[in-house]
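Before any comments, here is the structure.
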Amino acid sequence: MKTRHVLWVLVLLVAVALSGPTQAAEPIKIGAAISLTGKYGRTGEYQLEGYQLWVKQVNERGGLLGRPVELIVLDDKSDPATSVKLYEKLITVDQVDLVLAPYSSAVTYAVAPVTEKYGYPMLAAGASSTKIWEQGYRYIFMMVSPAEVYLEGAVDIAARNGLKTVAMLAENSLFPKASAAGTKKLLQARGMELVFYEEYPKTVTDFSAVMLKLQQLRPEVVLANTYFPDAVIITRQMKEYNVSPKLYAATVGPALPDFYESLGKTAEYVYGPSQWDIKLKTPGNAEFVKAYTELHGRPPDYHSASGYASCVMLEMAVKQVGSLDRDKIRDALARLDTTTVFGDYAVDEQGKQLKHKMVLLQWQDGQLEIVWPDELATAPPRFPTPPWEQRG
Amino acid sequence: MDASLLSVEKIVAGYGKMDILHGVSLHVRAGEVVSIIGPNGAGKSTVFKTIMGYLTPRQGRVCFDGADITGLRPDQVMRRGLSYVPQGRIVFPLMTVLENLEMGAYTERNRARFRATLERVYELFPILAERRHQKAGTLSGGEQQMLAIGRALMVSPKLLLLDEPSLGLAPRFVTMVFETVKRLRALGLTLVIVEQNAVRALEVADRGYVLELGRNRFEDTGHRLLTNPEVKRLYLGG
Amino acid sequence: MRPLPRDLLLLGLCLVLAVLPVSAAPQYVVSLVLFVFMFIALAESWNLLSGYTGYVSFGHVVFFGVGAYTTAITMTRWGLAWLPASLLGGVAAVGLALLIGYPCLRLKGPYFAISMLGLSEVVRLLALYLEPLTGGGMGISRIRPPTPDPTPVVYWAMEAMAVLVVAVTYAIDRAQFGLRLKSIREDELAAEAMGINTTAYKMYAFLLSAFFPGIVGGIHAYYLSYIEPDSTFALLYTINMAIMTIFGGRGTVWGPVIGAVTLYLVSEAVWVRFPFLHLVLFGLVIMIVVLFMPRGVLGWIATRRPRLVPAGKEL
Amino acid sequence: MRLHVQLVVSGLLQGGVYAVIALGLTLVFGVMRVINVAHGELVMLGAYTTFWVFALWQVNPLLTLLVSIPLLFFLGMVIERLLIARVVDQPEVTALLLTFGLSIFLVGTALNLWSADFRSVESPMLAGSVMPWLWLPGLGWLQVFIPKPRLISFLLSLLITGTVFAFLKYTRTGKAIRATAQSREVAMACGINVRRIYTLTFGLGAALAAAGGSLISLMLAIFPEMGAVLTLKSFCIIVLGGMGNYAGAFFGGLVLGLAETYGAFYTTPQLQEAFAYLLLILILLLKPSGLLGVVRQ
């Protein structure tokens, strides 16, 4: 008898599952799963806010192809495996017409096979690891400068000022490792010496042992290949342990306005690379910053700009094609050569970015200033960073 | 009602759904020593646990000093002047002798009375005074039993329940325990003893009860039970 | 042993479900049922050890993860096909169980539970650290080519695993083996005194309950085509196995099945919109079940409606 | 040599906080024979209390202890009355599963309320470091380097542990707690209301967890899932020190702090967490009574 009950429950549940809503709707449905919580939550949120600004604007303009745009957003909790499931769901259950990219290289790396399988073109607004584009995927396009050159500006400033010894840290995941690998090559080319290199797991919360080693080694330069939360912890613990390099840069973190909010004056002098900046003179940048700040109540960061730009370029491609034919949109994106608020865009046959350029920012008196490259600089770098005890 | 200090009337009690006692009754008058004997599983210790409030009887009543104490918590029962020495591990091994005695007086918040009682217990058991700062776990078995009794006396009880006081002790200490019982009685204390060592227990008792399978079997003076041929045959080993 | 109607019914259900991937059912439903099968297999495996012998494992994901990594590594390095690679995953899990089983199973209740939790964390950290072998934090990607779509095959494989583990549990439950495992749960010392070689029986149960998750982990890795340590060795898998079994009824054949089906669908319905609500629900369910229906849903039904459970069939 | 002195100091500083947290766990285990798997989640709640009190009212993070300790003490007592009291007398595994459910519930609740973001308490009052000179026999004067937040949290850990030890040693209720841990039956025979002691002990355990959480938030990031690691580490510590042994928990905490610091320094931060677990497994397998433990039935 009991077995029959089990069966009834089973049948009932399957029936419930099968009867999900699946009717086609009037608006164009665009899906995105993005990290809103967890380690990548802060940065993912900025990227999403860029998407949301575009959706608002495009609907105000009368929609895409004359149809309103509806954005479906899911949270992947900073977990690649979850994201895979979510994109599968967006494409097969919600039957979205187009997708927008997730945040972070690791998540994008995991999702790429899914979008590839269903033939959904995707502008990777939040992924910079070239490894993703070495897998032979055809439907994913790189927008940002590759991870390998994130710290180019920092290395350049250090080399020009004659600094020699470098300590480097990297989170043990896709983007930070790619960034570290690229930076190693840059250091070699400039004849600098890597005196310390250590990787740490995504879940780490304490860098005491690393700091003690840095105390011993006293490197002139510290480069951290990080995401926002660990960038904050590392910076803070450098102060606690009185690790005072002449130059300290971290990949993702310092370029976010929240960095100063979290650390206050401790953030002064810290360098961080950025794919974009408020002060850049790209076409329409000032208007973008204004509209974004109005909508979200805070200024954009570079993830916002790349998110927004990815939508704008998708819109361009759709308009060129004149329909939602995803294969044609893919071809349009592969050929596209343009400049947005985010900067230049053009990709090679693998989908890798060719034209986009990075800048290096530094916190100066509570403001992010562009300090590299020279032709875009809004202020000279404050160099060298004074030891902690000499700071206010 | 007679002049009983403690009366247990037809209690039915046990653990979970299983009853151990099926209507046991006892009466203890002030100043008496009463022994409860019986084979394993007769429910001797369960009687104590029910009196002390560890178990709530399903039926029957427990009265002490003229009041119904059925269903009270152990600490409430104690405050009325009943004290209990459980069998087995009977001291706090990692606490000092003094701390053990302090715990015995847990319900006594008056410092002066506490000191007075402590002096009396030390007088009764000089060895405890000597070892007051020693960990109880390092005492010998006999000393631990003294300590356990001393601890139970710290509330100046009207009635003391001793559960298997000679269990697991060397013969020398067994004698010591029963000597102590006699001394306590001489001090005017009322005692109820549950014992495996039936002969020794009945020797010191004014009256005795024989339990079997959770029921009263015999009840008489200690001396007459000792000489009762049936009791002799069944419980005293011939 | 003549087939009862309910066995036929079960068989029919299996067959109906088996054609799902090639029918017109939406892909999402297929993958939903696929994961239900996966969790039936996982929960039932956990049940084999923790439900029957009472040795609660808080680190069972370690076998799932080791299976997944073995499969991923052998497929990408040696070009093994998914089926032998997954079986190898099961073998690797058994290997690990052999290694740790004897010392760990000497530990009683809570100590065993927590040493397993510690172990699963150690293995996760090792997977992060041993980069040349495991790809470290970058994980292993492209375990299989993106086409053809593996869903139908994986679906059938998971279904087969679910059926297999349930069948094995059913057989054990009816055999003396099952009785002996239960006697360990009730009173290990008494079981030993009765002459049961408890060490050996615990070990058999442990190995079996490691083997199936190893294979399932392998199939899962093949399906996802991408694994990395944090999500492969996620505590959530262990939580799921335990809670599904406890919910349905520990130490019963059908308890984990009921638990897996119900709780997986509940969490699936909840988590997309409220990503963390299912954790709250899960926590509540565990507490309520432990406090008020310690024998799970099945046990609860049995006491409420004894009529539904034929006499002589212990739940 | 200076390096080793520095490592030892760092390890001990780290271990102090562990000791506070583990003391709570071992106290509850000793008295109630319940391993509270949700102990780390209580630490997490303590840390969030500090975070929110600090973030909302800009209170000195140290003063938040005055909020987190009573708050969790009360919450602990409620949890004991509602949940734990129902399973104390049942087989150990029942309580284990119950607190397991509680830990999932608390993590889920925290995730819903506060999201999975990493938070930190950033106060200028606690920034920076001190560099005292230490005199060591045979080595003379050595300057060591101590981050201020760690030093403060270590000193507070000592203060809290000391207070708890004194409470257990000298007060009537403290003695009753120890007595109950040693023999519940005799404690009852002494007229100790064991139920009340259980509630109190669990409250105290939760309060210690909260204190540890508040102290740890001065050093590390706060997030809803921070608890599991801390439960495991505390468990490792109390196994190290002997289950239910209070002094053992304190020394076990220091030992784990040292082991982690040395381990991470000489190998890699990647394995920092693994040392605790390896230590745990090794001790369980080789010497289940604990390295410092009094073997007690």
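We call the chains A, B, C and D, going by the order they appear; numbering starts again at 1 in every chain.
Here is the rule we use: contacts are C-beta pairs under 8 Å (C-beta built on N, C-alpha and C of every residue); 3 or more make two chains touch, one makes a residue touch a chain.
These numbers were taken from a predicted model, which means no experiment stands behind them.
Shared contact partners of subunit A and subunit C, listed by label, are D.
Of all chains, the one whose mean C-alpha position sits at the greatest distance from that of subunit B is A. Between the chain pairs A-D and B-D, more C-beta pairs are in contact across A-D. Centroids of subunit A and subunit D (each the mean of its C-alpha atoms) stand 37 Å apart. Between subunit B and subunit D, the centres computed from C-alpha atoms are 42 Å apart.
Note: centroid distance subunit B to subunit C, computed from Cα atoms, is 54 Å. For the pair subunit C and subunit D, the distance between mean C-alpha positions equals 33 Å.
Counting partner chains per residue, subunit C has residues 125, 128, 275-276 touching two or more of them. Residue positions 111, 116, 229, 268, 270, 273 of subunit D are each in touch with at least two other chains. Taken residue by residue, subunit B touches two or more other chains at no position, since every residue touches fewer. Chain contact topology: the protein chains form a pattern that is neither a line, a ring, a star nor a complete graph. The set of touching chain pairs reads A-C, A-D, B-D, C-D, using the touch definition from the header. By the touch criterion stated above, subunit D contacts subunit A in their complex at residues 3, 6-7, 10, 14, 111, 115-118, 120, 122, 124, 127-129, 131, 145, 147-150, 219-221, 226, 229, 261, 264-265, 268-270, 272-273. Across the complex, subunit A meets subunit D through its residues 36-39, 41-42, 77-78, 172, 198-201, 203-210, 212-213, 215-216, 229, 232-233, 236-237, 239-242, 262-266, 388. Every residue of subunit C that touches subunit A in the complex is listed here, in rising order: 6, 9-10, 13, 17, 25-29, 31-33, 125, 128, 131, 136-139, 141-142, 146-147, 149, 224-228, 230-232, 254, 257-258, 261-262, 265, 272, 275-276, 298, 301-302, 308-310, 315.
Interface of subunit C with subunit D (complex): residues 54, 56, 58, 103-104, 106-111, 113-115, 117-119, 121-122, 125-126, 128-129, 235, 239, 242-243, 246, 274-287, 289-291, 294.
Per the touch definition, subunit A reaches subunit C in the complex via residues 1-7, 9-11, 13-14, 16-18, 20, 22, 37, 74-75, 77, 79-82, 84-86, 88-89, 92-93, 106, 109-110, 113, 116-117, 131, 135, 171-174, 177, 199, 201-203.
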